[in-house]
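The following pair of complexes shares a single chain, chain A, combined with chain B in the former and chain C in the latter.
Presenting the complex of A and B:
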């Protein structure tokens, strides 16, 4: 009789859990959609600063960025020693121009995992542009406070095996869907990178990350801080910007 | 200095006539340097690289020599209205060696205007005109050929007019006219001549393939035998590995076959590149074939060094066409690049050019580290070797006798500004 009662209880709990899980999954997908919406724009122009702290040394790189439809982007470095180095991300391909060799070079697929300009970001990190909600399946994990902000914690699993990070964990602010923290994992489950939002601003109704930090955990004592300066969202940008001819 | 000498690879030898004018221009430029913030407001940008090098050379006669060098590449750009930009660059070089004392030289490296219109770009002046996609030896890069052993070296410019039309985003059609001096073999000696080149190129890119076609012809200077027609094709496949193929066919345009004279030459390079461990290790391997090599398998490089007649030499004026920054004497070559990034600010690079016919190898081992922002410390070692080092009698194409040295080491500090 006791055994019977125990089985009934377990069955009832299971039914309750199974009925709640799809709700959590739906909620997680909606949250991820909102995170994506925060970073959707028709065009973007801004200046930027990349402060790389690497094993006790500091390297500061400045640049200007033009982007359109979260798809194409053009970056020109302006700090003295890298002045004239340009990157074009277009149709999923990445081209670089170096003023030393005076040549446009297509970065081959197998080279995309290399660090970009010595930062904690790889080339692959910079060219990913499709919405997270289309590339990952999200599951709700728990609620957690980060720096005093109430957050949802989501676990993301890649839909395609070709994703550079097979798993991600996101901390999403409940008040404005800021991605306040993220962790990036390999297929083996080892943590590769950490992202922390330092400051965001409300621009044209979108909460945009203005200062953030990335740590490549495979590099010892290393972090890169990104600062966005003079941001313009949805301003007109000429098609000529996103052309290989603009690299020279 | 021969074409393998590491002393000439980072920069080109300068002629005295050009030196005086360039030094004057550089002096004017340096005078304006303190005003750079003012220049910045007008859109003028001054940048460049300064490099201090200490070199140690072990000659083939077993004597050691030490030289010091100060080099700067100064670049100045300025806007031309809304649609153009003016580019200039100067090389200044001061060398000091026991046998020569201090020598200061200067050279105008770039001086051109680049104008952009809706679908057309026009570039005019002293510039580089690169062709081909190969990462090491690149036979189609015939206007300003580079030395594969020193891929980052700045290359001498040519006077050119380049018109580029972009009918579609992924398509580029380029017409060019170039005036330059060229070297060719006259019997056993190298002679110099001026020539004009006219040509067309076409570039097309899609998601996995880049393709470039090239056709050019020459109007020879004082040596009419220097006429040639060249057709090139360059391909880059971006699949799991990077695969590049560059080929160049050269003909002297004659339809009749003269006895003892070759009418056409073929050069082709096939290469693969791949990186491992998330980009920590990069490997490039290339095979290069050139039919224009004057030495057959039975010929000895020693014969060439001793000035004796070589069976295959002197047969064609197109045998010695420079298909890259290095003159190739034989037909089959291998090229290897191994790059190890032991951090994102330090790397070890090994580049090897080998003649597969006589098993001679010219390796360059380079270590670069960025201790602070804008500063790179470069250590480099070059040790050419061939079978003579193991008791053989025939000198190899890339051996110490041809290179003129047993070993060369250098230590440089490079500053970017």
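Presenting the complex of A and C:
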């Protein structure tokens, strides 16, 4: 009799636990959806600074960005060393115009994995625009505080083996679904990159990362800080900007 | 008289004597051939390292040295004097280096990794050099002692042109007149895109260059990479390689603390091979000892077979030392004859190998790409080496037979005659 009662108790506890797990999974997926929703806009125009710190030296690159619906974007570098270099992301492809060669080139294949303008971001990092919730399965890990902010910690596993980062770990702020921190992993489990949000602002009801930092852990003593200046969301942007003719 | 007896005894069992001579001969031949091969490899490696990588003395900045496997251009040669920082121009570097009397020529160079667009070959090494000055000082094809150009021409100064190796051209499907779109990272950490036109194809008989390298004019590359007139490396060639340390000392005084200066002997491959010389002699010694086992066995068998004869010799008044001497000299004569055969065959083989090189690429299946050595190998023919190995073979073999020969000294004449 006592044994029976013990077995029943264990069974009830197990049922309770198992019933909670789908809840956690659903919660994780919803959190990830909210993170994705933070990045939805019809258009975006801003100036920016990319500060590359590498081996004790600092390189500052300035640029202007035009973006449309998270799909297409146009970047023109304005600092003296790179003036005239332009990138166009359109229909999932990345084109570059170099004033040295006066040619438009398509960046594809192995080139996409290379560092963009010497920064800690790769070209692939800059052209990925599909929602994380469609590319990854999210698992809730725990709650954690980051820089005084309460966060959910999510583990993301890539759905397709062709993803550049097979696993990610995200720290998502509970108050506004900012991605406060992220870690990017290879299939082997090696950590490849770290992202940290330094500052965000509420613009037209959306929380936007105004200053953030990326570290490529395969490079010694290297980090890149991105700063957004003069941001305009959902302003009218001409379609002509997102054409290869505009690159020349 | 005893030597004559020993000499005549060799002919008593011709088959056994021939076997001993053959064994020693093979060992000596092998040692001479391998010695010649290794010398050829060492010389090849040293020449390749000096021509393509370090010259006799190489100067780079501290920052470059820390990251040299990435070949960064963000750390050109710099000077720090009186607390102020500045960079050396390439003309200044050349002037300073060539002010030393031991210096034959100083050449600024830039090496940088590049990614190729639209090509099965994904990456290449771009080599920016002063082509005219390099051709005055170096033979790029060390086998044929030519500049290595097989088709077309070298690029003009400051031109949007390049030459590539035969293997790269074949792998990438490129010809003269084609352009190679590529991307590099400049001195200011910018992506720089360039499409030089191929004006020529070279064959340096060095896989790493022929497969992976694109040679361009240094002045054009300096401009594209935002280096101005600065250089990433200064490669200095001496009149006599023995002056390398002196040149290094002189340049350290002139170029300051922030510059790392190395001689060609500091190169990893050169240092490694030089440090392994003693190992090869040990291996050769082991071979010789193994070959000598046949003579040792022969001596032991001779003593056993001629034990009555030893007893007779003792009974007739020969001293133990004299008996030992006879057997020892038999072994020495066999060693000398064997070493002579080995030296003759080894000499012929190494002379032929010094005239007609081995195709290392075919022999190794291309497996020596990471080794700084030409695709063809000439053996070194050296009469000094032949004489040295002759004595090496004789001495080792003879030493091995001392103890067995001593066995004959312990044979009691009375006991021996009773057998």
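We take it that the second predicted complex is superposed on the first by the 235 of 248 C-alpha atoms of A that agree within 3 Å, B and C clash if a C-alpha of one lies under 4 Å from a C-alpha of the other, contacts with A are read in each partner's own complex, and residues count from 1 in each chain.
Here is the rule we go by: a residue touches a chain if its C-beta (ideal position, glycine included) is under 8 Å from a C-beta of that chain, and two chains touch if they have at least 3 such contacts.
None of these values were measured; they are calculated from a predicted model.
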item: Overlay on chain A: chain C relative to chain B, clash or fit; value: clash
item: Touching partner for A:218 - first (chain B), second (chain C), both, neither; value: first
item: Contacts of A:142 with chain B and chain C, given as first, second, both or neither; value: neither
item: Which superposed partner A:84 touches (first chain B, second chain C, both, neither); value: first
item: Touching partner for A:175 - first (chain B), second (chain C), both, neither; value: neither
item: Chain B versus chain C as contact partner of A:59, first or second or both or neither; value: both
item: Partner chain(s) touched by A:110 [first = chain B, second = chain C, both, neither]; value: both
item: Comparing the two partners chain B and chain C, which touches a greater set of residues in chain A; value: B
item: Partner chain(s) touched by A:243 [first = chain B, second = chain C, both, neither]; value: first
item: Which superposed partner A:92 touches (first chain B, second chain C, both, neither); value: first
item: Stretch of chain C, among 20-28, 92-100 or 164-172, that runs into chain B once the two complexes are superposed; value: 164-172
item: Common interface residues of chain A - those touching chain B in one complex and chain C in the other; value: 54-55, 57, 59, 81-82, 100-101, 103, 106, 109-111, 114-115, 118
item: Of chain B, residues touching chain A in the complex; value: 45, 47, 49, 75, 114, 116, 121, 128, 130, 133, 151-152, 154-155, 164, 166, 169, 172, 205, 207, 210, 236, 238-242, 273-275, 278-279, 282, 341, 343-345, 370-374, 416-417
item: Residue ranges of chain C in contact with chain A within the complex; value: 63, 66-67, 74, 115, 117-118, 122, 181, 183, 185-186, 188-195, 224, 226
item: Chain C-touching residues of chain A, taken from the complex the two chains share; value: 52, 54-55, 57, 59, 61, 81-82, 85, 96, 98, 100-101, 103, 105-107, 109-111, 114-119, 220
item: In the complex with chain B, residue positions of chain A that touch it; value: 54-55, 57-60, 80-84, 91-93, 99-103, 106, 108-111, 113-115, 118, 122, 218-219, 240, 243-245, 248
